[in-house]
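Letters A, B, C, D and E name the chains as they come in the text, with residue numbers starting at 1 for each one.
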Amino acid sequence: MTATISPKRTHESPSIRTNVRGYAERVRGGDMGALPAVFGIVVLCTIFAILRPAFLTNGNFANLFTQGAAVTVIAMGLVFVLLLGEIDLSAGFASGVCAAVLAIMLSNQGLPWYVAVGAAILTGVVIGTTLGSIVAKLGIPSFVVTLAAFLAFQGLVLLLVQGGTIIAIRDETILAIANKNLPPVLGWILLAVGVAAYAGLQLLRARKRAARSLTFDPISLIAIRVAALALLGGLAVYFLNLERSRNAAVVSLAGVPIVVPIIVVLLVVLTFVLRRTAFGRHLYAVGGNAEAARRAGINVDRMKISAFVICSSMAAVGGIMAASRASSVDPNTGGSNVLLYAVGAAVIGGTSLFGGKGRVLDAVLGGAVVAIIENGMGLMGYSAGIKFMVTGSVLLLAAMVDALSRKRAAATGLR
Amino acid sequence: MTPVLELRGIDKSFGPVQVLHDVDFSVHLGEVTALVGDNGAGKSTLVKCVGGIYPIDSGDYLFDGKAVQVHSPRDAGALGIEIVYQDLALCDNLDIVQNMFLGREQKRGLVLDEDTMEEMAARTLESLSVRTVKSIRQLVASLSGGQRQTVAIAKAVLWNGKVVILDEPTAALGVAQTAQVLELVRRLADQGLAVVLISHNMNDVFAVSDRIATLYLGRMAAQVKTSDVTHAQVVELITSGRSGDLGLTNGVTV
Amino acid sequence: GDGATTAAPSDAASSGSASAPAAVAGKVGVILPDSKSSARWETADRKYLEEAFKAAGVAYDIQNAQGDKTQFQTIADQMITNGATVLMIVNLDSGTGKAVLDKAKAQGVATIDYDRLTLNGGASYYVSFDNTKVGTLQGEGLVKCLTDKKADKPIIAELNGSPTDNNATLFKNGYDGVLKPKYDSKEYVAGPDQSVPDWDNAQAGTIFEQMLTEQPKIAGVLAANDGLGNAAIAVLKKNSLNGKVPVTGQDATVQGLQNILAGDQCMTVYKAIKKEADAASALAIGLAKGEKPTAPATVKDTESGADVPAVLLDPQPIFFDSVKDVVADGFVTKDELCTGEFAAKCTEAGIQ
Amino acid sequence: MTATISPKRTHESPSIRTNVRGYAERVRGGDMGALPAVFGIVVLCTIFAILRPAFLTNGNFANLFTQGAAVTVIAMGLVFVLLLGEIDLSAGFASGVCAAVLAIMLSNQGLPWYVAVGAAILTGVVIGTTLGSIVAKLGIPSFVVTLAAFLAFQGLVLLLVQGGTIIAIRDETILAIANKNLPPVLGWILLAVGVAAYAGLQLLRARKRAARSLTFDPISLIAIRVAALALLGGLAVYFLNLERSRNAAVVSLAGVPIVVPIIVVLLVVLTFVLRRTAFGRHLYAVGGNAEAARRAGINVDRMKISAFVICSSMAAVGGIMAASRASSVDPNTGGSNVLLYAVGAAVIGGTSLFGGKGRVLDAVLGGAVVAIIENGMGLMGYSAGIKFMVTGSVLLLAAMVDALSRKRAAATGLR
Amino acid sequence: MTPVLELRGIDKSFGPVQVLHDVDFSVHLGEVTALVGDNGAGKSTLVKCVGGIYPIDSGDYLFDGKAVQVHSPRDAGALGIEIVYQDLALCDNLDIVQNMFLGREQKRGLVLDEDTMEEMAARTLESLSVRTVKSIRQLVASLSGGQRQTVAIAKAVLWNGKVVILDEPTAALGVAQTAQVLELVRRLADQGLAVVLISHNMNDVFAVSDRIATLYLGRMAAQVKTSDVTHAQVVELITSGRSGDLGLTNGVTV
């Protein structure tokens, strides 16, 4: 309490011990950041691993990524809309529409893959602009607007793929996204580049703040973080680089699935946008208190439109991944539980439906929870009814870990 | 000298309730104008009309002698009007620095320049005698009433507006902080800015203001030089809308 | 429809059990498509397949994709992970089906298309009823019922299956093949024609009610399955038109058969699922034991042009008189069918 | 502004003209109450009537009620949960579970209808208690809890109806709910009783307030309201009492559908609960500012649980209606778009997803909008794809009327 | 005489931040106890601990001399403690009458007795000099700052609590309304209730209080009779935690 607000007078360079103690205190106080979600994931994995040893094989580990990719990407986009306290029920079918556009360009028009991908993402941008404008300018609740869009896009996909037929995708590049792996060497190279960049940025930042005599992270702490990243990343790359083909002579299945670097890049870019740009800052502000943001001169309407554009564009990326994985597009692409799972992933990760609170990483962690549940349940061999029931219960269990810790935070007065 | 900000014949209704009736109000550079009035007289509403929060129903809005259209807070900001609202309008989910720079973040290229912002925020808060804030990275939600108010004030004075309007800025402040804010108000006016201070504390009003404008039930009862009136006269204007030859006669300013 | 094809399953089965030395038998993975478009998958197919695999002592894993393509692929991944050596799929669409089959083949897993052919999928075997034939039987059934009623220029309403289900398109191709000529010859009049999203019976009710409002003179309803048929019958009942307007169906569900007994529904299409399941499980068991069973027929994959070894079974139309065939086949039991008011009807229909 | 807050000094008995002027002023100021929703309904009906004359037949008018009943009833229950700023994604499948319980009791167990109905509603109560307790006591976001329940109940329905079979319902009483009509005379009697009760209550209230010299509505205004109610009710009963059978000799189809009085009674009872009891007051308070409500000594947890209980019980009633209409229960009962339509109905009617704002009448009006759209679209004979797209657009159109008026209200400073 | 409410050795932390350190505080029937302290000193936190909003980390809570457990606002209400919080805690979506009776609605059978509530609310508000409220059926969201505060005060004094705590109740009030509230505070104490008044205005504090308790950086610096100290001493206590022999020595009360 006696500390002063001048940054100059706070500890010049907090020792690593202070940092660790501070972290431990924050955790005890209930501010756990990503810990509960990670803990939930560990619990889930342990349960499944005990029940079904196959869960722990490295083949299954690789499966997890491709299985969860589309929902995770859509959830990442939804975070932007949820941050404003809005919702996008149409994200699922928007991904279907974009996938259909992709498929038509590729298969029916025979255009090269980059044109098709461009067209799909452009479709996402157009969809987002339209939805965002209606929500912002007309003031219709986003639930209703996107419910209408949910219906309309469902119809649009049907029209695009012409009433129930299926458009097969044969473009090797697109198919590779969800079905192929990086060459093992490239996996290592990317990891090395990533870790080096992270370390460099952290050091640079510390040096700059030190020069201005602001508080900065000690070298030792940075070293620990970098080491942790390198270790975890290294383990992942190592296991993914193991041969997982049942018949390696016929086909070699080894390497990091291509979706992994895509998701990592999206995660880094979107996190950068949210935390290091004025745009991201304004998103949080509008979600926290739209009136205060408006009074601060922020163009609230434009923020809403942008959020919907990002959401629909990410839906387009998700749609491309789904199309690649299914190697086809049909009227149900993006339908079914895709939307609920995506919103669920964001919310389980800790994003609030009331706006102002959420991170892109949350969506990835939540997406991992959803993917693990789907993956694990797939190994259990329950009948349809039982499977639904167990899936629901496991989802609740995963969310409970997180919620209980947050409950504790609320009790100590933090939010 | 033409007033930097002048309102003429402002009317404002909320649905069937008319809150401001034909209000004239002018603010001069280099002066502190106190805006006083009873609870519910319409002071905050008038300020929000100035700030572009509420559209005005009718009347003229002049800035630097020229008629302008202020449709949103952006417009008001562009004119150089800084306002501390009575309800503070802070984002509870952001920290102190983030709130202070909201809408006017310092950047290096695309990236936010957090270091500069932290430094500037700390300097401004220090000048306002804030001593109990643990860290300027604390969320605004966890601040005490007075601390919140200080952040809102700091946010407004961080920028060199031409007109600074403070709606009951010292209501939640302690003794020392109040003195600091009043001193700041005087200093801003002396630097050539126009300052509008809304307050229920007559001592403060008489201590710093050059002019006093009194609202009574949504009408401007009088706008006079502080040196021309007494404490008692102002209180009378506030409570009854009249005092001697000053004030309203049958609802019309004389 | 008990033609030559009935011989096929026993053929395949025998070749499977012929060399039965229980060597290191593999594992069979079966992916069913959903549990909502039709009751058969969870109630019939799963049961018959389980019985067959248990009897043969082969390890198996049967799962349902709940109509979700993503899940469908996930389940396939998981089955391969779990060590399946034979994968039997009912695809949700040819695209995902092909993706799954390709992946399986790449891992050296044998594949069977069950009930639905995966175009360009290159599965080792195909076991099915002919879906277009089902539609044709529905169309012919409706014509028969209308003829029995001596309907004059009847207006026909078509209540199609889910617009996103390719099978619904095949059914429609089938019955339109019968009805279209009648429309063209002005013998029948084409009435409202709508699809029911997700085969959802509740929506079907509303859709049919509106068809009837728009065109009150509807004299025949081609409903794509028993569930949709029952939704239409409920609306007809409300208007006391049940029994007067013939309605078709599919799947020979208890409810559908009861509706037929009550005279509210004119026909349904019975697919002897046990035969289909037996044929497929025989092939699968053979493959699991490392044999290469033979199939009695082939089917041309229209996309790749390849001939896929196939076992094809015939669907069978069921009218009031032939309800007893379904019971005799053991597909439904007399107990479930002949409850309460239906006891008398059962007797009348000659069900023992 | 010069008015004083003492009720004694305000106009003793405002003339009817004052009242009408006050209303007109409120409307001009943007506070339109149910007007926009009603206007939206009129617009929709006009469009459909022009495009398809069959829309205006009295047979179709009667259809509207039975078609929209289940969704409307579920939406009425959802209002209670939405009022608290929570959501219940499981309401649709909860109605399915309850319907399955009903069907099992009736068809498989052969129990009388009242036992079956009791069991179905009890199931709803149990479901609501469970969901509410998890949300309130564990603090897991209701979106996640009810998403888990959405999955679990989907499985439960499957198990209850044994993996995809259909349970037929043959009980005459249950079937009557959605398929039969009141005898024409009874329709008139019920209307007369309703109007008389309304008039009596209004007069009694005015007299009581007059005795205490509080402001009260003048007799003339009450007379106008009663007359309006009698007129509208009379017209509805008159048209519903017209013969709509295609062959009246065989079967007479005339009279008010039985679902209508059921919905009216539910509307009156639930509105009473929300507006005239402390419980209802507390619901609004918790939704408006949960912390303020807690500080006022309101047991927020108990309010949450109660809201979920009401929601799930209403879902049970909706399930019974759906079962009656389909004369069977299958694994899709309560699935598909039921939930989204129900939430959409509540939101279109004006209920806020952020809590604190909403009326049961809103759900009925919103339910009417949804029912009219479904009904009208059913007459248009579009192909599936077009139909989805047009339905979405029409939904947006209906919501726009409402939103634009509310936008106007916001501009004048009211909310 | 045993104090009606006594806190002993209260500690309260928010995560890693300790806000209250070993605070003792007692309140007597028939007296007005002023609680003063700088912004962020911990006054509101202390009040919220008393009201059961925040759980206390350690320390004793005695009521009427008996140790009690207060886990929620309900518990505090049951003891007869009425609090006006600094952040008011009103439901914006309810009207004035509904807010005033929230949680304690008057009923006739099951049905709310709106008529009685309207009458009672109007009477209470009138006694607080509220003159500009158009209608007591107005939503609280549309009230001015001072009007909101008045509603919160009226809500608390409507009920005959044994202990009434007011956290900066006059911050947003006009001259006349402030006088009215101070008079009310005195009157409540004279009727035998225990009143706690938090205020930054020393004139008000000295005008109505019997005792003054001073918080300094989360510690109780001194709790003394008003007649024993001077204006200047209290200001010194507030700003530095010490004044002569009063106050803290190295963070410990002497």
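Keep in mind that, in the parts below, a contact is a pair of C-beta atoms (placed from the backbone, for glycine too) under 8 Å apart; a residue touches a chain by one contact, two chains touch by 3 or more.
What you see is a predicted model; the values in this text were computed from it and never measured.
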Other chains in touch with both chain C and chain D: A
Set of chains adjacent to chain A and to chain C: D
Identity of the chain that, by mean CA position, is farthest from chain B: C
Distance between the centres, which are taken as Cα means, of chain E and chain C, whole angstrom: 74
Chain B and chain D: spacing of chain centres that average the CA atoms, whole Å: 47
Euclidean distance of C-alpha centroids - chain B vs chain E, Å: 28
Residue numbers of chain B (touch at least two other chains): 14, 17, 40, 130-134, 142, 217
Where chain D touches two or more other chains at once, by residue number: 1, 158, 163-164, 383-385, 387-388, 413-414
Where chain C touches two or more other chains at once, by residue number: 35, 42, 46, 163
Interface residues, chain C side, partner chain D - complex: 35-36, 38-43, 46, 163, 192-195, 197-203, 205-207, 209-211, 213-214, 216, 226-227, 230-231, 233-234, 237-241, 253-255, 258, 340-341
Residue ranges of chain E in contact with chain D within the complex: 51, 53, 72-74, 77, 83, 85, 89-94, 98, 102-105, 107, 110-112, 115, 118-119, 122, 125-126, 130-136, 139, 141-142
Chain A - residues contacting chain B, complex: 1, 3-8, 10, 208-209, 212, 214, 276-278, 281-282, 284-285, 287-289, 291-299, 356-357, 413-415
Residue ranges of chain B in contact with chain E within the complex: 14, 17, 37-41, 44-45, 86-87, 130-134, 142-147, 150, 168, 171-178, 200, 202, 217, 235, 238-239
Residue ranges of chain A touching chain D (in the complex, touch as defined): 85, 87, 89, 134, 138-141, 143-145, 147-159, 163, 340, 343-344, 347-348, 352-354, 383-393, 395-396, 399-400, 402-404, 406-407, 410
